[in-house]
Amino acid sequence: MIESAKVAVVGVGNNTSALVQGLHFYRRTGSLVGIRRPEVAGLGVGDVDVVAAFAVSEGKLGRDLHEAIFEPPNNFPRLDADLPPSGVSVQRGLVDATEVDRVAQALKGAEVLLYSAPSGRLETARAYAEAALRAGVAFVNTTSDGVARDPSWVDRFEAAGVPLIGDDLASQFGSSVVHHALLRLLEERGLTLVSSYQVNLGGTEDFRNLVEHPNTKQRSKANAVGSDKVEMAPLGYLPHLGSQKIAHLNVEAQGWGGTALSLDVRLKVHDPSGAAGVNIDLVRMAAAALRAGRGGYLPEAAALLKSPPGTPI
Amino acid sequence: MIESAKVAVVGVGNNTSALVQGLHFYRRTGSLVGIRRPEVAGLGVGDVDVVAAFAVSEGKLGRDLHEAIFEPPNNFPRLDADLPPSGVSVQRGLVDATEVDRVAQALKGAEVLLYSAPSGRLETARAYAEAALRAGVAFVNTTSDGVARDPSWVDRFEAAGVPLIGDDLASQFGSSVVHHALLRLLEERGLTLVSSYQVNLGGTEDFRNLVEHPNTKQRSKANAVGSDKVEMAPLGYLPHLGSQKIAHLNVEAQGWGGTALSLDVRLKVHDPSGAAGVNIDLVRMAAAALRAGRGGYLPEAAALLKSPPGTPI
Amino acid sequence: MIESAKVAVVGVGNNTSALVQGLHFYRRTGSLVGIRRPEVAGLGVGDVDVVAAFAVSEGKLGRDLHEAIFEPPNNFPRLDADLPPSGVSVQRGLVDATEVDRVAQALKGAEVLLYSAPSGRLETARAYAEAALRAGVAFVNTTSDGVARDPSWVDRFEAAGVPLIGDDLASQFGSSVVHHALLRLLEERGLTLVSSYQVNLGGTEDFRNLVEHPNTKQRSKANAVGSDKVEMAPLGYLPHLGSQKIAHLNVEAQGWGGTALSLDVRLKVHDPSGAAGVNIDLVRMAAAALRAGRGGYLPEAAALLKSPPGTPI
Amino acid sequence: MIESAKVAVVGVGNNTSALVQGLHFYRRTGSLVGIRRPEVAGLGVGDVDVVAAFAVSEGKLGRDLHEAIFEPPNNFPRLDADLPPSGVSVQRGLVDATEVDRVAQALKGAEVLLYSAPSGRLETARAYAEAALRAGVAFVNTTSDGVARDPSWVDRFEAAGVPLIGDDLASQFGSSVVHHALLRLLEERGLTLVSSYQVNLGGTEDFRNLVEHPNTKQRSKANAVGSDKVEMAPLGYLPHLGSQKIAHLNVEAQGWGGTALSLDVRLKVHDPSGAAGVNIDLVRMAAAALRAGRGGYLPEAAALLKSPPGTPI
């Protein structure tokens, strides 16, 4: 029987809540619902153990991980009525670069460091990468901060025989995925795109941050959809949605003889589920590669990322 | 400069209206809007001439094709304010098998016979195929009546060096295409389908026939979508829709940890445009193959058909 | 403190399940969620006791009412994890008119007989009305079978000082209510209706019956909406919906200068909840009137019914 | 036969385009499509003549009104293929208060001044009101700038026997109207509102201004809907929509026993049509009142305004 992957997580937000609750759910039920890859290099969905967790919010520090994930502003729903204690106590995360060694020390016993903090803190992301490198632990950067797409970082991890995965996780299912698929379908069938829009509404803290600092993300969404005829409405932060995201998509096109065709879509999905459904694959890929002695870039992870190595920073 | 393909059409309904109006539109404007294949074996979209037309409705017989296409119950809209006379007078179609030779005679000068009558008249479909064979004219069967998926017909056309395309045209864009794409997308991303439905509403005479004789078509739609979890609501004939079709699709699925995800789609499209956008390719394939001396089955057409040779009758 | 209304129910289907589960829910929680009239003549929502229940299905006979309501094909969801036994055992209902006296006997102690069987069994409906009359128990006919709109029945109940309410309960909230409100709004604002449609999808046994015998109901729905421009698509029985109903409404209109305006609505609602939310008011009106010695027609109930006295049979 | 109302307009934007094109449309066709009040005090829809027009944009000055209305950024569609010259040349509007007399002079022959400039220029609005007062011409303020809800202005107009209508036109049909109607319907039927949102997307210059200065308008929209549970998403400026507005509304509620109910609405409407459909009534009311010697406040107009006299400034 294969040994479970040992994962440390940075950030105890909704995405971590979804991940750790889901791990319990899959172990308890044996279900494979919503799972893209039942096995990655022999590791099943339940073969992942969270062995350490880092956060900076006072309300989470020192608490059991299975309690801290329900601390506001987290609002991902409770999947199981009863979630037993995890035995993992949330540790204080990095505040400045002088603490890299402390974190590296705390990573003893871990195989993978899953960096799942909010985007937009490049120095912090790199400090954790440095700690992982020193500890010989694979690093998975799910944020848009540039680590794995900086060739010097890839080189250092490769030289050390430690895997580096990133940057910026591509959600398992969301408005970009659906919009892109519909536009590709139109193109395949020979229809002519006239106009299109996308509205995204959400209720998480992450979403609120994006609403207040919209530029980069909205631009990258337009890229993700793959057409300059798509107009992105401003993101709407609607607290009552909780961890759900609602997207309204519209596509206006022309077919034979210029006749009109329209598609209107409403998508409702839990954003943190889309992250956890990909993170489960990334951490298994990282652990398996570490065990196999493969360092640096992992090409098998590229399709699960928005900005894999090779993307401009 | 390539010589235009010479096409005779059977049936002067909405699909033929869309085809002949579109041919005028594309020649007049030089546009490629809504066109999947700008060229097929060197033939452009405008390189198709309708040289004969057959119908059985008294209101259409003897009239210029460009007038007959607007005769009720046809309700495909007028694409151009002014459509000049076509010079083609609608001829009386086959009523019984004794008339095969008359039709074969009338096909002189044509390269392709596009069979675009309502589905459900197997003997008639085969009589026209027989006439095409005798006249050395390629046969395109857009109906669900079994001609090209009967191996003995393929053999006869092949022996004669005459192309045979069929059966049952797959629309360029419609509810099956979209529904199938969404379900495939779910599967690719690892989501678990819980339930799904599809409602189709339309206002054409064809639609009214389907509403009154729903079984085969609805069953084949469920097949087209590719999942037995999809429930098909009964077709709704809503006359005010005219030649438009409206479909409501719903998909309920589960992602990571069993969390819910839903997709609701409304599609609005002109049904006859979806037919004409495929017929333009089929007739060009047929004409090119005839000129190249290729008889019988044309593999390049299979992707444009619901029941190509090899499908059970 | 007011004494609870004592109600006997005929039919142990989804509507009865919603009613009795809701009574428990409101007593337990003290909530007024979804309640239109917190009090009717001093009777609160919890001031209703079900004291007898009649059914004909073998699977329900002799069982406690709180178990029998979950027997298939019932599919209204369980509102409370724990529902204690009701103490009411389901009795055999009327099979023929010779049993009127037996039922009248069994109504001892009840103040109201809520007739909540499937529509379409006129003789049965009238036999229960007869039994109620003999027992001096108010009769509430929620089906479309003509009892209260037959003046001779009103006269007999009036002469006996026993209230008679009916016919055909108007749901608290459903596609007709929404569609009617939107069309009235258009009219108030001076917009011109061009076309409109309504599609109804459901998963209950009642819905299946309607799909198989569509005529009357669909016609009455078109009436309920109040415009002959509304086209009703055929009902769709989609078992996976359970007790939920989904409606798609579309309204196309013209405003100033003939410019287009469109409204598309998707409504999702539990059908039996819409019935129970009205039945709770009808049974309280009936009990209060009986106590006050008012017999026959109750004008205060007319707005809650589709076919009150005065409507043609 | 009644004499037409003589109207001068300030602002040659989309709303004026809709108004003057519509006047031509209704006179030409005799239609009453989209009209709320076929007659106001004997004045039909066609009984309105635009006799003067003021603007400040260089591209519009000196041009015939029927040309100037198509000048970008105006994007209301052309209703008639041929619109004959109006004979009214666009005059230079007020730039500062010293020009009040010039404008008053230019109002000779007019009965009503329809102030239809962008909102947010209080001094300008009041300068035009002053000019109207001096010229004895009724004043209609369609903007949110406070004129008619300032009692001192009402007093001055009343003393002069000149009607004053304002402030802030309530569109004939839009997202607030629909949202408000649905929430009122829920309440009437006893459902409990859980949450609700509204997204508004538009493509006019007005819309762009609102997107850039969102606060007041969005707040007033939430008020218009009449519930503090409604969350307003930020406005989205999508140029391709032109003068159309698209709104997505969602309502989540609870019915009997707390069961869930949801409503999703998509509304598509031409914004300037909603303004013109109300302006046609306001100018007829104003002209009729002037002729009848009624000055100051006109109570019959209050229902067509968002901020009639009595509303706080």
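Residue numbering begins at 1 within each chain, and the chains themselves are lettered A, B, C and D in the order written.
Definition applied: a contact is a pair of C-beta atoms (placed from the backbone, for glycine too) under 8 Å apart; a residue touches a chain by one contact, two chains touch by 3 or more.
In UniProt terms the chains read A, B, C, D = Inositol-3-phosphate synthase.
Just so it is clear, the structure is predicted and the values come from calculations on it, not from any experiment.
Repeating the C-D interface with over half of its contact pairs identical by residue number, the matching pair from A-B, A-D or B-C is A-B. Inter-chain centre distance (chain A to chain B, centres taken as mean C-alpha positions): 45 Å. Averaging C-alpha coordinates per chain places the centre of chain B 47 Å away from that of chain C.
The residues of chain C that reach two or more other chains are 264, 266, listed in rising order.
Viewed as a contact network, the protein chains form a single closed ring in which every chain touches exactly two others. Contact between chains, using the touch rule, shows up for A-B, A-D, B-C, C-D. Those residues of chain B that touch chain C in the complex are listed here as 194-195, 197, 199, 201, 211, 231, 233-236, 238-240, 246, 248, 250, 264, 266.
Taken in their complex, chain D has these residues touching chain C: 18, 21-22, 25-26, 31-37, 77, 79, 172-173, 177-178, 181-182, 185-186, 189-192, 253-270, 273-274, 276-277, 280.
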